[in-house]
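What follows are several structures.
Paired with chain B in one complex and with chain C in the other, chain A is shared by the two complexes that follow.
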Partner chain A sequence: MPVIIISSDSYQTGREIAGSAAKALGYDTIGREILGKAADKYKLPEAKLTKALHETPSFLGMSSKLWKQYLAYVQEACLSELLRDNVVCQGLAAHLYVLGVPHVLRVRILSDVEKPVNQLVSQRGISPDKASKLLEREKQASRRWSLEAFRLDETDPSQYDLVIGLSQIDPEEAVKIIKETVGYARFRAMTYSIQCMEDLALASKVRAMLLERFPGARVSANRGTLVIETLALKREKGKKAKAIKEMAGKIPGVEYVEVHVINDFLRQAAESFR
Partner chain B sequence: MPERLSVLLLDDEPIVGKRLKPALAKLGCDVEIFENPGQALQRIAGKDFDIVVTDIRMDEIDGLQVLEEVLKKSPRTKVIMITGYAMMSVAREAMEKGAFDFISKPFSPDDLRSVIAKAAQSLGYSMDV
Partner chain C sequence: MAIITISRGSYSKGKEVAERATERLGYRCISREVILEASGIYHIPEIKLVKAIHDAPSVLDRFGGGKLAYIAYYKSALARLVREDNVVYHGLAGHLLLKGVPHVLKVRIIADLADRVRDEMKRERINEQDARSMILKDDLERRKWTQSLYGADPWDSSLYDLVVHIDRFTVSNAVDFVCEAAALDQFRTTAESQQKMDDLALASQVKAALVNLSPDVAVASEYGNVLVFVKNDDRLARKVREKVKTLDSELEGVNNIEVHPGVPIPPGAV
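Now for the complex of A and B:
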């Protein structure tokens, strides 16, 4: 049965639509409440995972290495939940990493332009013009975040199966449209699509485990066979490949591990200048 | 309803039929193997199979055309698509056109057996894999 992923230019709007769609369809919702469990698993404060979903790395803020690690933890937690069917997922950036899975309906909700402006005006006592500018800045920041985190522009409509603008469509109508669309046979789960989701979940599990020791490791999975790419100096190649194979091989579901070690030219150049 | 499940398997690579026929026969299916889509369609015109398993990418007639022809002739037939070139768009198109399931190659005979068993169950047969 299908999975629905909802993305929106407003977290609150996306959350409301996701909740209503789940209720109308009798599905479960998956959202930021899973971050607590993920934080416990990886022994870090939940706030850091939430922060990673909003901010990009900066000199005084989160380092790039930690940011990528935290996002990998969110991804792993989300994908393991998405192995269940009949769920509506929102708020975990899943639209940027659950790609190519036929039974996933990807929906973008564009919030009513006036509603968030009015909310900001009444909440903060600022002018409508200032509120509009503030919201536009937030939207641009969110777009930059998606590009930096997953190299995808989340505002690009071609990323979605369905885009609904709430300026002209009521939220109730939007839910009806989502309900009708997800009923199309093309979004029904099939052996291939379930396999795609299992592959993504396994790859994310392995990557989340490897990133602390092997930052930048890239993992893909196909029916228990993993292909892992990592950077290393020539002299470290054998050692790193062996360590990765050992670590990845311990994860349930992994049957075979192939490691491609790519020469780290930057580090090599840096070392040769020492 | 006949006791044995009738299955037509169409793949232009002979090795596929050769490997899968014994696996399906073990399930108690009557299996007919075809490598040529035209000949398979001729056979389908003369007989309503319970299950048709078809490759997608073939010369002249592709699996999606076979799917449409089968369902036009016999809407109760369960059509299972198999392909080595699985992509989201093709998978969705096949499901929208009425495929029962979609499997990417390579798969093991056990994988196909469990899908066949599901299709059989939906037709009212009981089948242990």
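Now for the complex of A and C:
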């Protein structure tokens, strides 16, 4: 059965549409509520995971290493929920990492241009011009975030199956369009597409576990076989590969682990200058 | 009923969607007709018009105004053709040229580059590299064109009501989306929205008549009352006033025309 991923230029609008679509279809919603469970699992404050979904690393803020780690935790939590099917997912940036799964319908909702401007004007008492500029800045920040986090531009319409603008189309009609679209046979989960989702979920689980010790590790999965790429110095190669194999092998569902250790030229150069 | 504009890149199946939506809705389908209409009314060779609306205006064009004049003619012809309603337009920047009219449903059809390259190879019988570079060049030209004239990126989905990624659907699915959206109340023509369309058509015709005097001239119309905005230049204002006198009788639907030199151009003006 299908999975619907909703992305929006406004978190609130996306949430409302996701809720209404789930209600209309009798599906469950997956949103930021799952972050609490993820935070408990990885023993950190939930606020840090929420922050990672908004901010990019900065000198005074979150370090790049921690940011990537937190995003990997969010990714893992979200993907394990998406295995359930018949769900509407929103607010977890899933449109940027649930790629290549045929039964996933990816929809972008663009909020009414005037509504958020008017809201800001009445809430903060600023001019409509200033409110528009503020919103534009937020939009650009969100675009930068998606590029930095997943190297994908979330404003690019080719990332989605359907983009619906709410300037003229009402939210109820947008929900109706989503409901009808998800009824197309191509969004029915089949053996291959379920396998794709399971592969993504397994890879994200392994990556979330490895990142603390092996930052920058890249993981892909194919029916229980893992291919893991990591950077290391020549002399550490064997040791690192063994450690990764041991760690990944413990995860249920992993049958075989292949580790590709890539020479870390930067560290090697830094060491040779010491 | 509605006016539907379908924006598309080359080989994105947008033409097919437009034609099938036209068939299903019983509307008229227009695309190249706009060029023929503009060429007939303003006595310009088709080839010049096609080139002007395909290539982005250069800096020199901004001073000379040649290309900008052709675009004004094109817009005027488009507005004349679509004002009668029940029409699907697939072609150049309909979503921008018909901006401000509430019963215009703006749709964009997009396709994966790989599929577009494959179609181009098949049709033009060229290799993959050539096909890819032709499509990318075409896309870039389109981007430059829209950006230089409207300061907008045609790839920006906020310009449309609906963007359909055709590779994930069939043409028939896309036609369903278009037809269902067109049936919504918001896109139904009302007396008020038709008035806006008529005003846009009138303003575009006045602009087309004046653009040769100054490419910067801007025109707004409300209930047939036309306001012409020109630079603060006495000679130009005099010329425009003289020309405007003849337009009163030439154009249908004009109640009054006023010329305002040196006044800031309002947002809705064409």
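Annotations for the structure displayed:
Assume the second predicted complex is superposed on the first by the 274 of 274 C-alpha atoms of A that agree within 3 Å, B and C clash if a C-alpha of one lies under 4 Å from a C-alpha of the other, contacts with A are read in each partner's own complex, and residues count from 1 in each chain.
Here, a residue touches a chain if its C-beta (ideal position, glycine included) is under 8 Å from a C-beta of that chain, and two chains touch if they have at least 3 such contacts.
Every value quoted in this text rests on a predicted model; they were computed, and no experiment measured them.
When the shared chain is aligned, no partner comes close enough to touch A:G36: not chain B, not chain C. When the two structures are aligned on the shared chain, A:S158 is found in touch with chain C, with no touch to chain B.
Of the two partner chains placed by superposition, only chain C is touched by A:L110; chain B is not. In the superposition on chain A, A:G61 makes contact with neither chain B nor chain C. In the superposition on chain A, contact of A:R186 is made with both chain B and chain C. Using the contact criterion defined above for the overlaid structures, shared-chain residue A:G100 touches chain B, although it does not reach chain C. Taking chain A as the reference chain, the count of touched residues is higher for C when chain B and chain C are set side by side. Common to the chain B-facing and chain C-facing surfaces of chain A are residues 184, 186. Interface of chain A with chain C (complex): residues 9, 108, 110, 113, 155-158, 160-165, 167-170, 173, 177, 180-181, 184, 186.
Within the complex, the chain B residues that touch chain A are 86-88, 91-93, 95-96, 98-99, 101-104, 111, 115.
Residues 102, 105-106, 108, 110, 112, 155-158, 160-165, 168-169, 173, 176-177, 180-181, 184, 186-187 of chain C touch chain A in their complex. Those residues of chain A lying in contact with chain B across their complex are 100-102, 184-188, 190-193, 195.
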